[in-house]
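Shared between the two complexes below is chain A, which pairs with chain B and chain C, respectively.
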Partner chain A sequence: MAGAGLAMPTIFTGASWAQTDNYRNKPTGDTVTFGFNVPLSGPYADEGADELRAYELAVEHLNGQGDGGMLNTFSSKTLDGTGILGKKVAFVSGDTQTKADAARATAKSMIEKDGAVVITGGSSSAEAVAVQALCQEAGIIFMAGLTHANDTTGKDKKANGFRHFFNCYMSGAALAPVLAKLYGNDRRVYHLTADYNWGWSMQSSIENATKAYGWESVQNVLTPLASTDFSSYIAPVLNSGADVLVLNHYGGNMVNSLTNAVQFGLRDKQVNGKNFEIVVPLYSELMAQGAGENVRGIVGSSNWFWQLQDPGTAAFTKSFGTKYGFPPSQAAHTCYVQALLYADAANRAGTFNPCAIVEALEGFEFDGMGNGPTLYRAADHQCFKDVLVMKGKENPANKYDLLELVEVTPVAQVMYEPDNPAFAGGELGTCNPGA
Partner chain B sequence: MDGLILQTLNGLDKGSAYAMIALGLTLIFGTLGVVNFAHGALFMIGAFCAVVMNGMMSLSYETIDPAQLDFLGQPMKVETTYLSSWVGPDLSAALIDWSVPLSLLLTVPVMVLIGFVMERGLIKHFYKRPHADQILVTFGLAIVLQEVIKAFFGANPIQTPAPGMFEGSFDFGVLMGFDPNAIIYPYWRMVYFVFSLLVIGAVFAFLQFTTFGMVVRAGMADRETVGLLGINIDRRFTFMFGLAAAVAGVAGAMYGPINAPNYHMGMDFLVLSFVVVVVGGMGSLPGAVLAGFLLGIVESFASLNEVKMFIPGIDQIIIFVIAIVILLTRPRGLMGRRGVMEE
Partner chain C sequence: MFRLDRQDAGLLVFVAVITLFAPILLNPFAEGSAMAQFNAGYPDLMQRFVIFAIFAIGFNILFGLTGYLSFGHAAFLGIGSYSAVWMFKLLSMNVIPAVLFSVIVAGVFSLVIGYVCLRRSGIYFSILTLAFAQMSFSLAYSVLTPITNGETGLQLSLSDPRVLDGKTTTGALPETNLFGVAMNDTLSVEALGRVWQFSAGYYFCAVLMLIAFYISIRIFRSPFGMMLRAVKSNQQRMRFTGLNTRPYALAAFVISGMYAGLAGGLMAAMDPLAGADRMQWTASGEVVLMTILGGAGTLLGPILGSGFIKYFENIFSKINDTILHQWFAFLPDGLENFVVAVIYPFVGKGWLLTLGMLFMLVVIFLPGGLIEGAQRLRKLFARTPTGAADRRAPASKPAE
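Right, the complex of A and B next:
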């Protein structure tokens, strides 16, 4: 136990947390309640729906139903389908509406009215940061869903919060060498950046990472989050002298800006004697479906991909595909894994006391969950694992076969020190048991 | 110079959508006196008519192909469209390729029907109520419609590509003596601009050169007198509501290849289109069209880096700044009529 442990009272360290009953929402019956806080409305509703499917599958597996999924491949063997610490897993869910304030309100309700011991889910960094702060105040564990901004485990990190998903810095570190290999050095880059926290974080991460390969940013244009037609932002790219366009957009923004860029013939252009290229730093399968044929050949990064060949991925894809009839998204994967990681941590800790869970997760190394060997770093509660560089498939065989793997970037290449300037500010603090 | 031409062209297609939505909005306001905040939702439903048309043409039956495996490693279910079975694979592929323009055949009757149902079923009960009540009920209706669409089609955008022959861009730069690639403009956006001119022209011709249109115009000028002449003006106004819905619908259906339809696109356009109506002058059809194109172009120029360097964020507020300036200097808008919304 690193930083957080040093700050705690010495009587509450190690196994002693297990004997401490004084914590919030201690389960008293024969069930323990999880709170799934996902966007079921708003722009990321489809991701939220996939997250909820994954959580329901995780609950089934934890309670011994279905084929067990990743319980069979997870390196930790405390989960045997009998629930957690002898209690069956129940759940409540809330609609975050893809809004930070609504996410906070639903999480609060699940903590105060439903007695949830853990809040998990979400599809945006704004939601994650807001709910993480709430859980820290309330003394509940937060297992983040899809959140990619550096701040979640940077300046806004909290002792009670944990992120399995990768972040902007990692995307940049993974993409830069691949982009240099594919498109060469000495490129001139035009950035279109969504004008909010994640967009700024993504833009600076990819700019810093590609600079080392001789890529120069000629322009960074901030686009309003509410934009739908990006043609007036795309048109100036044509005459900017840039030969690469980086779309620091996500969700509907990404679908529309990429569609507009392809419509304006950017991909057929030659500038500075080189083919013009488009890069989308953060890929999602659901967005790729939205962008259709426009994603073909476009490079980006992902946290996980259902076509990976490891046993964990195969087990999860089989369970999910059999139950729902289509492959899982990376949002579904990260949420499923987070639910299992929490359950395993409680089993290992022997209690649902949040501080014991924190202790069990900090520095925890595991495998068999689809990402290879993974570490939950104690210093910032960020998972470190391999990052995938993906490309839109040129000739998809079916409607799910939209992306292909370009390279698995080893974790060592995306690792950074906790005091990296991109994550500066804020303190992890100490865990709060809520009592 | 080439940048200016390019942004003007960009503004024209955006302005085309604004103009068509604003035309319908002001048509409804001019005839029925209703401020219809559900008009953006009609634009969105029109776009989804194109999605439905594409989906209907792509309706398929499944056969098991043991030679191919699906993502779970089981024999793959291969989908074959009914259309392909009926008309052959080549014609089927060509029809699906043209599904967006063909969707107008579905969009017009569907939108007219929705317009009639909306007007007879809900909005007619609010004719004599204050404008604030009308805004509240139509805004509520817009939210209901977009949630219904989201329940059926999901939250993610759905691509409705343009026919293959309109894919790609035209190099205006070469035509005008600039460097190649200096002024590139997508073919479909040109189609959309021409289409909007045709629709707007047809609506004006209908109002100008038909007896029906003449009565409607007379009713817009003096509803009471036309009624005293024994003409059932209400029925004609109901028809105009259906026509306005159809104009918004076809504008939405043809917009799909420019930006993939999603459940929220109506709201994205509604506020701006309403500003367009106010700038053009409440109840003025030419004003709505003029302001639509004007604001589309101005918005496009405001996105230029050179402009944003001087006034950061101007692209997000320019339309509202212009609305404020015009309303301060010309309170009735560019071409507004005396007495409209002045009671």
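Right, the complex of A and C next:
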């Protein structure tokens, strides 16, 4: 497969791009190879393992095994379980070690050795940005997995890269009105922020979005990423006069800081005549499991949640649960959807040529994938859809039933212009077919 | 040849021939066959083989000769990468200035860090270097974000000045090149059912690796190298004889730091991105493993060790349960699942486990590293009178 460049030209018909069929890793046999580039070791290994499960499920469904999952609810009907464009889907997987460097190495081996036409996965923004840039250079499509920083579709956006997951700005925009409704206006906020790109953009998104409701940031303290004990950061919060604590942390950081904060009894305090509240801007099921009962009553935002009532979510949760015995996380969901979206785009384009795929995905509107009507915006390759505001359940029934839905923030409220200052500075460039 | 004696010249030629034909030698299995999974002859991995060989050769000059165990060499690797990417951003996409600059910057940093750390020896030295490396990592990760772009990593962008190259007009990022030959240019040749990929970037790295290897041989055989060995065997005695050992150790430290910078610069030249995790302590530990696994203090050992570890990282980590099921599909279902369940923990995400076990086996049974294994095999088959193979006794001794 690595010798695709030397292969016989195959004639496709239909799309305009199909005539120029010279592109990297053109599949010549009866299979087409996907590259699933997920962390199996390192801090986000749990997310990575769940992503890989979702990908394997997606491949099954695309090849007509299993119950078809979201193929039955997806608004575009080109996927019928016969693979893509008559080719069965094969895949290779690699361990990104939750490091940008290693992620690029595995992605490169998938492109150079295994002849993958698309790379998808990743569970940190550093990985996503690094692999997206690599795919742009190599002329391969990148479908981002779990990446929440604004930069992925902002400063570092690339023509060959696409993101289905939501971002910091959307989290802030979705949370602010709900927070104001729950906790009232004129709050004083103390931020604890993980000291790297994602933490900073998360913090500024929340600060900007809540300003409109009269929330004022008292202080923003940066915490080193390697911290495991946050008690020394929690103590000063009590004397700062703040009545809300926002934890701009993710993964193990958030589990530890939230646990510390709750154990210090912050939530039982009264400050300025108001109940002290804690907010976690980005929630995930895996983190909620880690923090256990400390998440009770804590509010945060989510991309997707397995207990939603729409048919797409029901279909996906059912087939995932049947295969693996537990419900999928939002990381699994976004990866599953990305794999299907790529497959559908290739079918609609009539070729695997990256430029044709880009054309098919840009401005694509779809439904039935668990998030309601969704748009892949052409200007920055970011998906726009409703955002969920979640709350830790007071009385969870089991360890997968930790969160409950507070509100679905409609997409109009989280929409922003492509030239929003939080996303400015990058250019998509032109699509690269790699040959 | 090149002022080397016959045996060393032979070694150099041997390594040169292997690197020259690596794209063919590393693809022993036919495309599409079940064993094709184990082929390593694709450009990215071959580049990694030679780049990490440079890194380990340099580390061996410090650790193998002077016995100073540095746990912070990844910092120089990272510094080299950042310097190279900045050259690509500011000056030109030509790799020559980038690689030169990365070697110089890494040299300056290693001079400063080495000057401080070499005031202590043994475990204190190791801890000091580790502290410096972690400090560099934290600085790169968050504090110096304007220079390093934080956890996302420093990348090229369309708006970079690149004063020598001028603006690109195509909307695509320019490629790193050597006077017009793009580093990712690859000539694919299909023959005997195999695809051989001859990559320009690989050969550029390979030439530099050979130069680095040659310099390392010369250092090993020089009076300076002898002095470094003396530092290792008994530093106190040397001090008592009135010799100041610190300049020698510092020189070795700076040389190995420059090797690390060269490796870092080449990594950026092959793939223009520099990330902070390149400087993490795990990366420093990796080069220690490479050197010990291959054979510390030997010429060829570090090259072997780095190749071994990179092979595991890139090939074994990609074997997933689907592939295992394909391999054992001929077995009856129950047995197939059982075999896969037994093997699976050791491949895929378990590659580190396998590597760790092999490392333990090597350290216990072959204290001189893989090179000792090779020597034992040679002795076993060649039946040469004892002594001929041991002529270079110092070179085959274990590190400690």
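In this text, the second predicted complex is superposed on the first by the 421 of 435 C-alpha atoms of A that agree within 3 Å, B and C clash if a C-alpha of one lies under 4 Å from a C-alpha of the other, contacts with A are read in each partner's own complex, and residues count from 1 in each chain.
As a convention for this text, a residue touches a chain if its C-beta (ideal position, glycine included) is under 8 Å from a C-beta of that chain, and two chains touch if they have at least 3 such contacts.
Just so it is clear, the model here is predicted, and its values are computed rather than measured.
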item	value
Clash-or-fit label for the pair chain B, chain C on chain A	fit
First, second, both or neither for A:Gln413, with chain B first and chain C second	neither
Which superposed partner A:Asn275 touches (first chain B, second chain C, both, neither)	neither
Partner chain in contact with A:Asn185 - chain B first, chain C second, else both or neither	neither
Touched partner set for A:Lys113, first chain B, second chain C, both or neither	second
Touching partner for A:Val129 - first (chain B), second (chain C), both, neither	second
Chain B versus chain C as contact partner of A:Ala45, first or second or both or neither	both
C-alpha centroid angle, chain C to chain B via chain A, nearest 10°	60
Which superposed partner A:Thr82 touches (first chain B, second chain C, both, neither)	neither
Which of chain B and chain C A:Lys318 touches, first, second, both or neither	first
Chain B versus chain C as contact partner of A:Trp306, first or second or both or neither	first
Chain B versus chain C - smallest C-alpha distance in the overlay, whole Å	5
Footprint overlap on chain A, comparing chain B with chain C	41, 45, 49, 224
Chain C residues touching chain A - in the complex, by the definition given at the top	31, 39, 42-45, 48, 138, 141-142, 145, 149-153, 155-159, 170-173, 175, 184, 188, 190, 195, 197, 271, 273, 275, 277-278, 280, 313-314, 317-318, 320, 322, 348-349, 351-352
Contact footprint of chain B on chain A as seen in their complex	41-46, 49, 219, 221, 224, 226, 228-229, 231-233, 235-236, 238-239, 252, 255-256, 259-260, 263-265, 268-269, 286-287, 289-294, 306-307, 317-318, 321-322, 327, 398, 400-401
Touching residues (chain side chain A, partner chain C) in the complex	1-3, 5-6, 40-41, 45, 49, 52, 56, 91-95, 99-102, 104-106, 108-109, 112-113, 124-126, 129-130, 133-134, 136-137, 149, 151, 156, 195-198, 222, 224-225, 426-427, 429-430, 432
Chain A contact footprint on chain B (complex, rising order)	2-3, 6-7, 10-11, 13-14, 70-72, 76, 147, 150, 154-159, 161, 168-169, 181-182, 184-186, 188-189, 258-260, 262, 264-265, 268, 299-301, 303-305, 308, 315-316
